[in-house]
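For reference, the structure I am asking about is given below.
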Amino acid sequence: MMPLAARTALRRAAAPGALLAMAVCVAGAQEAITFTDVERARIAQLSPLGDPPPDPTNRHADDPAAAHLGRFLFHDERLSGAGDVSCATCHDPARAFADGRARAQGAGLGPRNTPSLLNAAYQRWLFWDGRADSLWAQALQPLERDIEMNGDRRAIAGLIERDPALREAYEGVFGPWPGNEAGMVDRVFVNVAKAIAAYERTLVSRNSSFDRFASGLANGDPSAMAAISPAAQRGLKLFVGKAGCRMCHHGPLISDGEFHNIGVPPHPEVPGRDSGRYDGVRLLAANPYREDGAFNDADPYVRPVQVRQGPELWGQFRTPSLRNVAVTAPYMHQGQFETLRDVIVFYSTRDGAVSAGHHQEQILAPLELTEAEIDDLIAFLQTLTDTNPGADLLVPPQSPIFRRDAP
Amino acid sequence: MNRRPGAGRRVARMTGTLACLAAASCATPRHEAALPPAVTPDRLVTSNDGAFIIAWRIEPETLPLNEAFGLRIEVRDARQPGIPLRDVMLSVDAAMPEHGHGMNVIPGVMRDRDGVFHIRDMRFHMPGRWELYFDVSRGGVTERAQVEVHLE
Amino acid sequence: MIVNCVAVRALEWAMVLQALPGLACGPERADGPLGRFDRTIVDVSGPEAVAAGPDGEVVICETGAHLISVFDQAGRLLRSWGECGQAPGQLDSPAGVAVDGAGRIVVADTGNHRVQVFDRDGSFLSEWSGYGRDAGRLINPTGVAVHGGLIYIADTGNHRVQVFGADGASVRIIGQRGRENGQFMSPTAVAVGPDGRLYVADTYNHRVQVFDADGRFLGAWGEYGPFPGLLAYPTGLAWDGELLLVVDSRNHRIQAFNERGEAVHEWGSHALWLRDGEGRFETPTGIAVTADGAFAIVTEPLEDRCQVFGRLGDQTLELPPPVREQSHFGQRLMADGDLLVLPEPDLHAIGAYNITGEVPILIGKFGVLGAGFGQLLHAPAVCADATTSDVFVSDVALGRVQKFRLKRDDREQLKYIANISRFVKSFNLAAIGPITPTAITRDRAGRMYVLDAESCRLHVLDEDLAVVAAWGEYGHEPGRFRGPTDVAIDEARQRVYIVDRGNRRVQAFDPAGAFQFAFVPAPAAEGIDGAGDCWGIAVGPDGALFITDPTAHRIGVFGPDGTYVESWGGQGEDEGRLFKPRGITCGPDGRIYVSDFGNHRVQVFDPSGRSSAMLGWRKPRKLPGDADE
């Protein structure tokens, strides 16, 4: 492996091959933007986004009753210590299930940016540092973390036990109330998280104008291809071409779900330095709610994959999905960049990039994009927006009890 | 359990310093692509100092991007390449040398009764040029065979 | 009714919830943490270690001059004793020191593989131990701590910690060579904490390990890297109240950890210029904190100085900027044909240069950090075969030699080749025995000559790992060695030369190991300082021998029989001058390439002794009026 002296900019030139000319007529535009075979193949990888992969660790993952209860709990501030914070406080349905802030503000100010929950079901790892490996294992942590919801599992179990609607809803999904068995508080707590996870699995966002364009490109349908502007199409060519975005932002989730250190400078107001995946792997190892732990509903003989651990993980953070990126500012793990332009300028110039040490991966060299290219890339990224997974999913139900005919 | 970021098309193109065991697989005419081959052919590579020949194939047949895959490997003596060697150990790794990183997961190696190695939990999480390494150890000496793989 | 809160799991869970970014908290002090640069103590020779004495005295091991020197708070030399030798009271490259409750000075007399005790004034009191692997014996001890009537020694060459009573009896042995918990790789410092636990700087494993009073492993923290909490060759330990200060030598900084191993504070950054100081470091090694906690003293043996730091009060120390691309050449290098190979240990990489012309041209770099095949953990020694484009790299931490093959471009020989090498083969020396491959060379028949400095032994191996010949053990007689540093082959004369540094001589053997002769690599004339110190050796095309002397900062030129011819170099930073030169090798046209280690460069001399080219990071000395970078 080359530690690195030649910082090679990975510039992907369009491969020679049969060009398929498609005349695109958009109102007012006369130019025809064509896509090479290689570009088409790469664009085809980005869409459509299929259904979320199954989560065998949560037997209620696709249970509508669990999702209904989860939707209720997601918005229920009584789960928090002071009764004033719910999941929706930071994962605000009106803000693409993020919060529009640099760093999360729950019961206290957090050290990192709130990720959007849209399409969270597709991620292999949860949190910026990947310290949880399932949606329900992630949901547990904010419930009890002091600066997030500052709740307590005993209090939550007590709440459900005493509230008739919650009790009935819980029993409708998870069976009779456990009573005074050993470990019952933990089991209720985990079930709460699994219900919330079931709800989060329904937050699927995959009908953006880009998806319509991609379908049109694959099927040779010019009217569908008109779903995105010529500028956005040029931006898309950059995205799968010389801008090299698809190195990490690939697949229909537009994220590899893995971890990279791209040298984003730390936020000046956050003390210390965030080690990211380095400590994330250790926290994953210490996490009792890991997929191979006691609360995993899946086949116990499925051996989990071993994750590589070492100092090269220092400062790595999870590649976010770029779906809905235009509406989930600010960007990066501490919200260091306010606008998409700031992000792209960072990739383009690498100004202010923090060195990652001698033994880190070295993927990025300055792209040196022109202003027009930056505009085009932004135009493309804006076509990835589809923030409404379904109007009824954005608000809590009247009652936590699932009735097939009721809202 | 591994979960992939979503269903996607998987395309792979492979090169390497090797000889095709079954010439038919290298040059299948397009119209015959619909017929499944009788035996999935192995690819061959000679180790870097010439001691071993590695016969290997990816399982499933095409290399997926950012999804788990496995390998089936036989290690043979370069002077007598008939049957798999049993007095050797094998370790498998991969890297993207231009990026300075390898895989994020640690593959598992298992050997069956016939001396064939089965590798599981490989995953190439990024497109680009990967090098795949087969390190064969016997006594205190380890020799590497390697192939280059381009993942789209 | 809710019962049964799982208390234990809740505790672990709290750790998972709380263990998130930000610096850990350490105990607050009104006068702030240490780190304010105060002054420099200069003109101390290669000081590897320091200890705090009573009344604010500072006890420094002047390792290069075989002295113990005591300074007062203001930096004035109060007294000094020691001379090079093996008799009681004499010292050989002492690299560890501690002061006990009664003010006695306990010294790790490294080159003599023993412990010596002196009273405050330097009068010899007692000594014990000597070279060996058994209980009670030591190899290259380099760290000392005294606590509760016991003396703890970092027994570096044995990769263990040995505990002695005040009478010199071996009380306990902790650990052995390895990378697991409770094992060590060249530990170089020990300290006992306020909690009575033993803390060990496990240097080549880049971590600190903690043991209880009975030697049972309790925990460890650290691994290789430049970030907070990561370490690169930790070599010194000192307690500042409840914080453990660790000399993070290749990160050129001091890190302070709390007892949970969390990084709390750091100071220091890499020198910007040659000989720079002012709070910036060049590979610091030792540290001590004065009894009143007012000052920390940090030693820099390469720079022949110590820097003193006070407390910051309410000043905040700006965290140094994140690591820039800095790299130093290693101490060893090797030329063959048109190829020069030169390790860069900070990058865990090897550079390959075309040396057809006067100036070496970099044609590629390879190597990556790791313990896997084809990776390097601590690989200071290399040799090359230009005919096959093979490079052999010995890894001291993993006890193996690895062979890489370089891609050469025949048409454009000076072109830089990305991805220049592929890993071919690994030779695991443990299959033969516990060998530390300190230096390596190769003959035309393809046999590897592996010099083990710890065991004082040379092994000749073929590529099937069969032992062709092996000779040497610790001692003074011909055919025995003390701290050998380098090996070179004269094919024409069928001779193997070994630099027997500890015995201040060079020995010559035939390829089967039969002793031929020995000589002292010093000029017959008087008047050249430090004559007789030797480190690296190269054989010229007509059998001439080129031997580096790091103490006189010279290259000595000798005939094939050891007759002195002339000297090149002399101390300095200019062209043609050297500072602590180490490895040396000869190109096919007689050009000499020397690792001018203290000047962080490689210098090329033509056969007449004229400096003809230089490679490497050589920031000139800061001139008056230069702005800080």
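Letters A, B and C name the chains as they come in the text, with residue numbers starting at 1 for each one.
Methods note: a residue touches a chain if its C-beta (ideal position, glycine included) is under 8 Å from a C-beta of that chain, and two chains touch if they have at least 3 such contacts.
Being a predicted model, the structure only gives us computed values, none of them experimental.
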Which chains lie in contact with each of subunit A and subunit C?
-> B
In terms of C-beta pairs in contact, which of B-C and A-B ranks higher?
-> A-B
Taking each chain's centre as the mean position of its Cα atoms, how many Å separate subunit A from subunit C?
-> 47
For subunit B and subunit C, let me know how many angstrom lie between their CA-based centres, rounded off.
-> 41
In whole angstrom, the CA-centroid distance of subunit A from subunit B equals 32
In subunit A, what residues contact two or more other chains?
-> 1-4, 8, 312, 359
What positions in subunit B touch 2 or more of the other chains?
-> 95, 97-98, 100
Per-residue multi-chain contacts in subunit C, two or more chains | 368, 418-419
Subunit B residues within the subunit A interface of the complex = 1-9, 11, 65-66, 68, 95-106, 108, 121, 123, 125-128, 152
Partner subunit B, residues of subunit A touching it in the complex | 1-4, 8, 10, 38, 41-42, 44-45, 49-53, 55-57, 122-124, 246-248, 250-253, 255-259, 291, 298, 302-308, 312, 359-363
Listed in rising order, subunit A residues that touch subunit C in their complex are 1-6, 8, 111-112, 131, 141, 144-146, 153-154, 157-158, 161, 180-186, 270-275, 278-279, 282-283, 286-288, 310-312, 314-315, 354-355, 357-359
Of all residues in subunit C, those that touch subunit B in their complex | 368, 372-374, 403, 405, 418-419, 422-432, 463-465
For subunit B, which residues are in contact with subunit C within the complex?
-> 48-49, 91, 93, 95, 97-98, 100, 133, 135, 137, 139-144, 146
